[in-house]
Amino acid sequence: MNEKHLLLKKLYQQFTAEIVRPIAAMVDEEEVFPSETVKEMVNAKMMGIPFPVSYGGSGADTLAYVLAVEELSKACATTGVILSAHTSLGAHPIYAYGTEEQKQKYLISLNKGEKLGAFALTEPNAGTDAAGQKTTAILKDGYYEITGSKIFITNAGYADIYIIFAMTDITKGTKGITAFILEKDMPGFTVGKKEKKLGIRGSSTCELMFDRVKVPVENRLGGEGKGFGIAMSTLDGGRIGIAAQALGIAQGALDEVVAYTKSRKQFNRSISQFQNTQFKLADMATQIEAARGLVYRAALAKDTQKNFSTEAAMAKLFASETAMSVTTMAVQLYGGYGYTREYPVERMMRDAKITEIYEGTSEVQRMVISASVLR
Amino acid sequence: MKIVVLMKQVPNTTEMLIDKETGTLIRTGVDSIMNPDDTSALEAALKIKESHQAEVIVITMGPPQAIHMLRECYGRGVDHAVLISDVAFAGADTWATSNTLAAAIKRVQPDLIFAGRQAIDGDTAQVGPQVAERLNIPQVTYVSKIIEVTHDSITVKKHYEDFDETVKVSFPCLLTTLEQLDHLRFMNVTSAWEAFDKPVEIINNQVLMLESKDIGLKGSPTQVRKTFTRPVSNEVKLIHGGSDEAVKAILSTLAPYLQ
Amino acid sequence: MIKDIFVFIETRSSIIAEVSLQLLSEARKLKQQYIQKGMQHDVVAVLPGYQVESLTSTLFRFGADKVIICQHEKLKEASTQHTTKALSDIIHAFAPDSFLIGATVIGRDIAPRIAARVDTGLTADATIIEVDMTSDSSLLLITRPAFGGNLYGTIVCPNFRPQMATIRPNVFEKIEMDSEDKEVVHFETTFDKSDWVEILKREVQQAKANDIAKARIIVSAGRSMAKHMDLIKDFAQTINAEVGASRGLVETGVLGKDVQVGQTGKTVRPLVYIACGISGAVQHTAGMDKAECIIAINSDPNAAIFQIAHVGIVGDAVLILPKLKEELQKILN
C-alpha cells in the first residue's frame, strides 16, 4: 500500500462509519437494498474505482478498489457485494472486452454511477457446470432473440445494465456461449422475486427471465462463442472482490469482539484477560492478516499479470474460510449475547457463509488451484 | 472568485483522557482531525466553488504533519493548499497567529475568507476576527447558514444566543462558521487518488518576512502561566437521607457545569 | 497612568445583559484584591449605545465607580464595526489596566478585533479571574478551560495593557448594593459613515433536537422512568441538557434509538451525566463511563451504577427531580 491507498482507506473508513454502519443492522433485519448508500457512493466516486478517468472512472488500481470492498464489508457485507458485483462483474467485462462504442455507451455511465451493473451466468441447472446453459440467443435480422432464465443474480432489479450469457450454438458446449449487454427496459426482460437468504439479506438476489428479448447485435460482448472465456476471466476478478468482502467481514467481526471482550466482565475481570480469549483473538488476527496478504497480492497480480486465476482463487478460498471461522469464533466469544441480533456478530456469521459459495464455491477454488499445482 | 478557507488540524479532544496520577492530558494515541467548525467552512467554500466557479485555497498554520489534512482537502476537490510552517511561528497566541495568517492571505488577495468559529483545542474563537482586523475587512461570526452568494457579496444567517440575524456583506470579507452550517462532504476517490500529484505550498518566514516581535511565542502578548486538570474523584458519595439532602448534593455538584 | 478595570456593558433593546452586571460585581472583588496589595483600581462601566443614559444608575448599583457612556445612532444595535471603533477609541483615550467583556456572541465577536486593533493580549471564555498576589504588578491571573474542558490554563498578559478577557456568562454572581449615582463621563468619537453589513432580518430561533453525543449535560433515564418522561424532559430543559436513555427504556418505545446510550447505542462523554433509575449494566456504562461527572439516582442502594458514579443518591428520581428543578430555577434566574 502506498500513501494514495492510505488516503483512500481513510475515505472508505469515514464513509463506512457515517453512512454504512448506522444502517447495517436495519438493512439485514428488514432485508432492504441500501439505495441511499449507493447514491452516496456515487457522490464519493466509488463506482468506477479501477477504471480510467477517460471512461468516467477514478483512474486508481485494483488494490484501491479492493480496499473499498473490504472497508464497506467490515460494517455491512451487503454493501460490499453491491460494489463488488457492480465493479468486477458489471463494468469490468465491458472495459476488458467491449468495443469503443460499448464503452462509451455503457462503461462511462456505470463508472459514474449513473447506472448500476450486474452479471448473470448461473441457471437452475447450470451452476458450477456452466456448460449446461439453457438460455439461447438466436440471430435474426440484426438482433439476437434471447430466451431463458438466470437465477441468484446479485443487484437484480436495481441494476440497469446486465452482462448475461446465452448459447448461440447449443451443440458446442462452453464454446457455444456468448456474452451480451442487456438493459433493464428491454421488452421481454423481467426480474423475478427476491430470494430470502441466510445472509447479505439487503443484497437483491433474483431470478431473471428472458422471453424473446430482442438484443441488437452491437450489444454482443466479444465474439460469438467467446462468452465462456469472458465469464471465467471476469469471475477471476470478481473473486478478488469477494475475497475482499470476506476479509472485511472477518476484520469487522474481530474489531467487534476485541471491543466486547475488553468491556464484558465475568468473575470480576474483563474476559479479554482470560487466556482462552487471548489465544482465540491471536488466532483470528493471524488468519485475517494471512488472508489480507493473499487478497492484496491477488489485487496486485490482476494489475501486473496476464493470468491471475490462481492468486484470485487462493485469496477467495482462504479469505472466505477465514471469514467463516473468525465470525463463528466471534459469536462464541460473545456467548449468549453473540447469538442475539442485538449485536452484529451473528449477522456477520450469516453473511460470511455466502463468500464460500458464490462466484465459485470453495470447491471450485480448490479445483482452480490444484489445476495450477498439477500443471 | 477566490475563496480562502482557514483550517486547523487539532487533536480529537473528545477522545482525550486525563492521567489521574499526574493530572495531565494523555495525548498519545489521540487522533488528529480537522477542526469541526472548519469542516463546515470548507464545505461552504466547496459549494460556492460549484455554483460560482470559485477557486478554493486552503491555508493552515501548524507543524509539518498538518500536510495530511491538506491532502484530505485535495481529496475533496480543493484547488490549492498552503501550509504555513516554521519553528519561528510556534507557540503563537491568537494575536501572533493572526498576524502570520493575515500575511499569508495578503499574498492571495481573496474575495471571501471562511474560518471555523473556534478550534476545539484552544476554544478561543479569536483568530477569525483578528485576521479580519489585520486585513481591515468586515467580518460576520457565528454563521449558521448561507442564503445567497453574488459576484460581490454574500448573505448569511448569523446565530445569536436566542435569535438569528440575516445579514448581507460585500466582498472582501471574513466569515466564521458554526459546525452546523453544513456537513463536510466525503473525499471522492478520483480527487483522493490525485491528491498526491498536487503540490502543497509550504510557506516559512523566509517567505513572509515577519519580525520576530510579531510572531510565535515571543510575539505573543499572552502567556500560559500554568495548566491543570480538574480533579477527578472516583469516590462515590452515597446520599441516603431524604430528598432535601439529595437535592442539595446534586445542586452543589451540578452548579459549576451550568451555563 | 494606566489603571482601573473596565467592563463592557452589553445591551440589547436598552436591556443590560446579565453577564455585564455579573462582571461589574466580579470586578468589584478584584478591586478589593488590589486594595489588599495597596493599589487603587476603580471599576469603570463602558456603555456604548444610543439613548442609554437611563441605564447608568443600574450600573452603579451593581458595582461601577464610574460610567463612560458613548452614544451614537450607529451604536443603537451592537455592531462589530462601530462598537469595535468606540471601545478601541475609549481604550486609547483612557488607557485602562484591564478590560473585561462578556463571552456572548457579541462579546466574542468584538473582543478579538479590539485586542488586535489596540495590540494587546486577550484571553477567551475565562471562568476564573484573580489578581496575582505574588507580584507587585497589577497582573491578572485569568483561568479558562481548553481542550473541550479537559484542561484548564491560567493565562497572563504581562507586557501589554489593557489585559483583556472575555468571561463566560453565569460563572459569577451579580451582587446588588446600595449605591448612589457617581461620575458619568460622556465620550465622543467619530464613526464610519457606511456600514459593513446590512441587516435584512431578525427572527427568534426555534428549538430543535440535538445530538446527545455532543451534549455537555445528559439527563438519562432507565426503563422504570417510562411513565415519567415529561418529568425527565422538563428537568433536562431546565438545565439545558439533552435526554438520554438506557436500552430498556428505548425498548418501551417512549424514546428513539438515537438517544440510546451504551454498547449498542451511542457512546457519550458529557461533562455531567445524570442517570435516573438506571441500574448500570455494563452494556449501558460502556457508553457513558467517561463522563466527567456522573450523578446517579436509584432507589436500589446496590445498583451497579453507584460503582462508577461520583455522586450517588439512593432515592426515587420521580420525587427528587421536581424539587431539584425548583431549586435550580431559583439559581438560574
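Letters A, B and C mark the chains in the order given here, with residues in each chain numbered from 1 onward.
The rule we apply is simple: a contact is a pair of C-beta atoms (placed from the backbone, for glycine too) under 8 Å apart; a residue touches a chain by one contact, two chains touch by 3 or more.
In this text the structure is predicted, and so the values were computed from the model without any measurement.
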Study note, to complete from the structure: Interface with most residue-pair contacts lies between B-C
Exercise for review: Please flag the chain sitting at the greatest distance from chain C, going by CA centroids.
Suggested key: A
Exercise for review: Mind having a look at which chain is the central one, using mean CA positions?
Suggested key: B
**Study point:** Whole-Å gap between the CA centroids of chain B and chain C
**Key:** 21
Check your understanding: Quick one: chain A and chain B, Cα centre-to-centre, how many Å?
Key -> 41
Practice item. Could you give the separation in Å between the centres of chain A and chain C, each centre being the mean of its C-alpha atoms? Key: 54
Check your understanding: Got the chain B residues that touch at least 2 other chains?
Key -> none
Exercise for review: Using the touch definition up top, name the residues of chain C that touch chain A in the complex.
Suggested key: 263-264, 282, 286
Point to revise | Residues of chain A that touch chain B when the two form their complex | key: 3-4, 7-8, 10-11, 14-15, 18, 40, 43-46, 49, 53, 57-60, 64, 68
Revision key, fill the gap. Note: in the complex, chain B contacts chain A through residues 71-72, 75, 185-196
**Study point:** Interface residues, chain B side, partner chain C - complex
**Key:** 11, 13-14, 16-18, 25, 93-95, 98, 120-130, 132-134, 138-142, 155, 158-170, 173, 220-230, 232-240, 242-244, 246-247, 249-251, 253-255, 257-259
Review point. Can you list the chain A residues touching chain C in their complex?
Key: 260, 263-265, 342-343
